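I've put the structures underneath this note.
Note that subunit A is present in both complexes that follow, paired respectively with subunit B and with subunit C.
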Partner chain A sequence: MPTESLIGYGAPVCVDSGSDQDGYLQGCTQVKCCPRSLYSLVNCPNFPPQLSAGPAQLSPSLSGLSLQSQTPEALRVVNLLQERNLLPLGPVTPPTPCLPQDLQKINCHPEVFRSTLTSIPQTQSLLNKAKLPLGLLLHPFKDLSQLPVVTSSTIVRCRSCRTYINPFVTFLDQRRWKCNLCYRVNDVPEEFMYNPVSRSYGEPHKRPEVQNATLEFIAPSEYMLRPPQPAVYLIVLDVSHNAVETGYLDVVCQSLLENINALPGDSRTKIGFITFDSTIHFYNLQEGLSQPQMLIVSDIEDIFLPTPDSLLVNLNECKELVQDLLRSLPQMFGKTMETQCALGPALQAAFKLLSATGGRVSVFQTQLPSLGVGALKSREDPNQRASAKDIQHLSPATDFYKKLALDCSGQQVAVDLFLLSSQYCDLASLGCISRYSAGSVYYYPSYHQQHNPAGVECFQKDLKRYLTRKIGFEAVMRIRCSKGLSIHTFHGNFFVRSTDLLSLPNVNPDAGFAVQMSIEENLVDMQSVSFQAALLYTSSKGERRIRVHTMCLPVVNSLSDIFAGADVQAITCLLASMAVDRSVTASLSDARDAMTNASIDSLTSFRTSVLTIQQPGLLAPACLRLFPLYILALLKQKAFRTGTSTRLDDRVFAMCQLKYQPLAYVMLMIHPALYRVDDLTDEGALNVSERTIPQPRVQQLSVEKLSRDGAFLMDAGSVIYLWIGRNCNPNFLTQVLGLPNYAAVPLNMNMLPELDTAESQRTRAFVGWLREQRPFFPILHVIRDESPLKASFLQNMIEDRTESALSYYEFLLHIQQQVSK
Partner chain B sequence: MICNRCLCSMVQLSLSYKMWDEVVYLNIHPLSLQIIAFDELKTDYKNPIDQCNTLNPLVLPEYLIHVFFCVMFLCAAEWLTLGLNMPLLAYHVWRYMSRPVMSGPGLYDPTTIMNADILAFCQKEGWCKLAFYLLSFFYYLYGMIYVLVSS
Partner chain C sequence: MVLLTMIARVADGLPLAASMQEDEQSGRDLQHYQSQAKQLCRKLNAQSPNRCTLEAGVMSFHYVLEHGVCYLALCEAVFPKRLVFGYLEDLQTEFHEQHGKKVSTVSRPYSFIEFDTYIQKTKKTYIDSRARRNLGSINTELQDVQRIMVANIEEVLQRGEALSALDTKASNLSSLSKKYRSDAKYLNTRSTYAKIAAGAVFFITLIVYVRFWWI
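Coming up: the complex of A and B.
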């Protein structure tokens, strides 16, 4: 490979951002990634860079070529104890793999497929020396704005390893291609020689399958075990007294009524309802009945279906009956006095009903199941919430839900759980029903229609997204990697059916997956390795499709190259998933120690093996400068923190989210973004569909950065806090909040009023833009000094010291002490 | 006391070669099944749920048989043999105590068995125990021949 092609491409370009207000900043803090032509970049970095570009740095070497003349930007040594401002101005951008330009241009987008190390080590011993985890983070079913769909009579796959043909194969001549995963030479079929896009013959490398790293095939009948199933939805509702009291039934029924025509599906879509308290109620919705008929089964020890069909009916044919039912459900149970809850039998009934076809079950639960099989006891000890020692009861109490989830998975039924309760519900046990059947868990603590109106709005918006988002049924996903690499652990909601085959009864666009890899054989003589994730699913319209993502990464054999290609956000997310597993199998303190040790070990390895000049202080490469900050953020995260009072269900839900959410949202959960919003300007603003979105600078999460005369917005993923300083600019209060002074700010304000002022428009545009970037709806809380939520806002200030945790500087000192040993 | 004496004499009487044979045969058979099963899992031949359903019912009988033999060795005052089997007994107890939460008997959970580290651990365990049982077989065979020859 000629060295000229390395310059400028695949290489992070250094942008000199000058000095900031404090004068701490020296040199470059921002890297720009290559723009992708196929996808709309929502999280676009500050583009174009507004300051003069520094010298273009050469990329780190590929194996064999060693350009040591200049230290690449990623390896620039940063003394963490001295440099205070480590955060980039905008969002943290992923590192670009150093591949030749033509390969990197078509490489898979990092929002879909990302590796913790963008330069793969050549041997396992080299990887062990680097002390960084090797893994992949995937978001395979993400909503994409542009997705090439190929309808081809032949889907070209390698004969031995069954990899789909992808942009990184090599064509030996016009008729033969070499697989990039197993290196076998295959023949190009005759049909593949013709390119329908350009209507030319004899150029197989111009076909869309070989030009796009992400694409979708329409699968022929060999890919179907049975005729594609219709979309089948079953709603299971808790109607005990407790549940009806919270008022969630109104919201669910209203939402279903509004979105009934937007449910993904076609003319075969089926729907059914089950409600339960101490008995199970089925609804006969047969076409021809004048109104829905309720059938009660009270023998919960031995559930049976009261009628063989018409409990699950065709949505289009019986729409009026369904709408009648939805309108009358809230009143039907308005006066109920039943307090018991038989969730286990209800789930068994749901399984029985759907086992013939498969589909999706949405379960709404508001209390601990107390009756029948799967009944749970309250295991939480409120006195242990703030325990500084180990947290108990993070693992399931019974394997009933796990076994039922496995049965469901076998019949292509996925169970989504909505937990709306104010008391302990043993989410650790209940969550299993979703975890192994590829469902999702939604948690709304203290949901109540009167006491918690913000929660109600959040629930409504989430439900709308849940009901209308894209869905895939009876799916399986297989992740393949080049010869020499193997996958050993999987993270996410699914069941591992065989060594690299994941069974996903439902696949939805908001699920993320992670895998850990190891290097079984040394990758000698390989310039690059490839990874392919293939997701075979049935679309809601009954079409069998295969979504294929392929990523290619270079192989390196020097430790400095491995460090140069480290992706700190991906490493943090993978470590978080590993820590969740460790907390459940071993103990929480083990997991916390392991996370701290991960940062210590990697920085020690950098210091001993890569650094040529030993300097005092805590030295880290620029690409890993945020690593200790993220580790500290994880240690203070709700899932792993000790010493601060955390409800067990909240903790378990945070753990579930760390494993389930795709990378972008996990990073917001772990390290929220703090912006100053009382002085928003249009300078450097983004222009998105004719709106001007201001781009304030990301601040450090420290109370030091909060100023009494400002207003600050903290974006924590699922919630947004707007903190108003006591001496806040009255201009801001009047123009944006519509309030005369600080004293008039109410304690529970959740909306920005729509005022006609420029400041109000800018602020609302910014908040709206933040909200648009994620599928769930974050509630906005306006906080002042006496707000009850002030404590949760301040808990996110991870750089500060609390009575149970170190400050960021103290943590760095602790790490430095261990590294220098 | 009398009971114990009876038991001992019963044990002595039943030290026929068939019994020795049963000892090791009964232990080796489920173990080889285990080893084959884990290999099948690794090579994608079978489903983890089915495999765990085949293997789990065999775990407790294997442990109970081993406990039974230890008791027999105790009664027959075979201290050396008992001493050799004590570590295995302790290991069995520890393994069963630290199994994942499950309602039925067994050690293997289909959701975690496919994790490479757990699968590797179970395979290693299978091979080690097979080696131990085979060695014990030859030891008991020697013991049996000795008893037969000297009686």
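Coming up: the complex of A and C.
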């Protein structure tokens, strides 16, 4: 069947209806010419069947009207001012591209590859009319439970655009295939005729490459400029007085000791350590030494490596010495009085040490760097936080970190930054070191071993994940799209080399990317377009691999179809990334206006161009009904909010996360999920590996929904709040929290006791399940009315009015005013 | 100083293991030599001399072929040959013992990249002048090192290129002659048609003439 469908799919492209401009007509002609075509309209809600009867007479506006009469669910008109209960019962699901079923079945999973518009407009002018952003969101290195791996000496690619063969290409006959990105006809190599899975000959379309939209190739030696590098890890630790005071060294060393055998790598894995305060300390771990040797370099102006070849050692051969060092390190600096910190020179030293091989640098920093190159000054005025009209200092203060990051990127070195501090650290400047070298940033505000146990637990869990997760070295990623489309802006952590090649010295499974696209040439006689992301990397076992994702989307020519295929979550995330850029290049208020305008414009466009019957109220298609809510949530998000006191580092970190995190986590950051948990039942529960996980419904984020006799759980991505009402069901208090009454709820409670009751098991199963779904560890805060964290809990109640921001209803009224103008 | 070490399968030039070059420390761009080394591994075959030194300007390639595996090292030209071959012999013994049996079965490039650890260690003992003294015993066994063939890398690499150039020229020639043949055929048919046409015109004139004026 796939043979025929693939050929059938190709056929309509050849049938060109010539001068006819009406797309509906075209679609129908093709259906008539080619009854086998996959575009038979059965599975397409957007193509109502009666159109094929006499489409020639229908003008576009009339066809819009007839769409109205049989509106698909996505286009059902919702009056936002009347319908309050917009949230779906469960998670918001991405729309399914309107493709023939057998193509859609093999299409790339939306968690990996997602487009803001699942129906691509035919022309740029049509896209401009819809006022919706066009872009892709990717999570290319996501941990996958199932991934086909192909080993073959020749990887079949298009000769002109170098696209990897994929499920959406067309086989003209047994010997030739047509590229779905540039439409060139290529030969099928002899080797490809044999199918190793079914052990049959002459069925190239049944090869795994043509059956899977996501797969991995083992690269032949042409894909290697040099022998694959070993896994190399360098730990750079701040050991100034301030750092020792927070007590983070214990946690880092302990985590490393526990996970030293779980670090991804093989027998070549190398490890090294650098510590720094006002001087740089190296550790000689050469095999044969009885204990680690510390070498101090005090000349931070012109940094050099004291013994180049014994600072980075083979982990397997020198494990004892490394363990020795990790055990003694926390005590070594116990009595230090050195308060200065020379981060810049330490990073230079790290770069020098790794530049021969490439690898990963993990930097732990606890204060504003104050010595040597890259020293920074405090730029934040705490008194201005709430009142300032516009937020200053979102851009870096020095280009030292960016320049160094680019040098690192050239030598395949990535820098991950762990910032543990209670004071302003200028993350806007420091973050550049990770941003351009494709590292990641972790931030633990007010970290302290004794005063902030929840932060410590979170740091521990994150560190465990960080040390043991998969890692790819010396990676590059290229995103290709069909002729006519072009990618113009990239979001995420990387450096763009040669217009469209993303240089990623390291790639990790928790990194997300976004790109913006424009339509350069009209896609008139195309039924669908494809996008392909190819990630070439060296695994920690020294294998060069290529992971390829391909997504296929239909092309449409009417506004109503574009709106029907809009993916509100993807649009929100892309807008958030764009807004971060805007607030750095222009100003925060500019970015906020742009976001509000984005929702106004798209709803105006919907009202004027798609709706034929004008009704009063604020009308939105069902698929975009959450759009104003998400925009309001973004405006109240840490990154973009004004009027409330937000620390600059918190804000910058939120911005980093919006750009760097994959869509699913960003959505929780923007619009947390609220559940009522005091009455969890097994009704409609999920069954995951013999555990029953209750599924309470998602509540609106409004205080009105909180009732004093209940307990509510708010999942905000990196943090989970459990709010206990004053008159909470005593049963819940005793059975789940193990407390006699409300007054006994402690102010800083961070875990649920393991009680042997059904309620406790249900609640813990639910919280555990929420945590499992993300790579980082959200802390749980149990909150009562007097808790200090109550304010941040209530700040997430985005539908409510605050002293400086509109309520959801007011925001809707504001939008309505603008729309009906 | 050994700058680059590579172990490859002779049959198809598949790299099996290699030692990372130290770009920064030696301060030289080894990319060019790296690609030459790859080409060389592809050029070598069972007929190539078992041990050979190839001069490449200030550098020299030295290789040892044994059991269908090529052990290649790049050093400065002044580096003692005897040491290099001692080093390569050492690698050969160890590699054959560890992975010898698996060589013919692998298909992934750099399948034995973990052998790098051993390469680096061995390299250190040969380069380190203090440790070198201990190697006296090995060196004596390699007295005949002087008799190892010396050739120029460019010549070796170009030998193949000249052949392939000849090949392309020959195929060009054959395609040109084919074209000539088809052109000639075409011309032939055209001239035949022209002749036929001329005859036909003559006859028609004749018939017309006979029909209207003769009678």
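Here is the rule we use: the second predicted complex is superposed on the first by the 751 of 821 C-alpha atoms of A that agree within 3 Å, B and C clash if a C-alpha of one lies under 4 Å from a C-alpha of the other, contacts with A are read in each partner's own complex, and residues count from 1 in each chain.
Note that in this section a contact is a pair of C-beta atoms (placed from the backbone, for glycine too) under 8 Å apart; a residue touches a chain by one contact, two chains touch by 3 or more.
Remember, it's a predicted structure, so these values are computed and weren't measured experimentally.
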{"item": "Subunit B versus subunit C as contact partner of A:Lys402, first or second or both or neither", "value": "first"}
{"item": "Which of subunit B and subunit C A:Thr499 touches, first, second, both or neither", "value": "first"}
{"item": "Which superposed partner A:Ile613 touches (first subunit B, second subunit C, both, neither)", "value": "neither"}
{"item": "Subunit B versus subunit C as contact partner of A:Met337, first or second or both or neither", "value": "neither"}
{"item": "Partner chain(s) touched by A:Gln229 [first = subunit B, second = subunit C, both, neither]", "value": "second"}
{"item": "First (subunit B), second (subunit C), both or neither touched by A:Ala743", "value": "neither"}
{"item": "Subunit A residues contacted in one complex by subunit B, in the other by subunit C", "value": "none"}
{"item": "Contact footprint of subunit B on subunit A as seen in their complex", "value": "395-400, 402-403, 406, 410, 436, 486-490, 495-499, 501, 518"}
{"item": "Subunit B - residues contacting subunit A, complex", "value": "41-44, 47-49, 100-103, 109-111, 114-117"}
{"item": "Partner subunit C, residues of subunit A touching it in the complex", "value": "151, 153, 218-221, 224-230, 266-268, 308, 314, 317, 352, 355-357, 542-544"}
{"item": "Partner subunit A, residues of subunit C touching it in the complex", "value": "14-15, 17-25, 31, 34, 38, 107-110, 113-114, 116-117"}
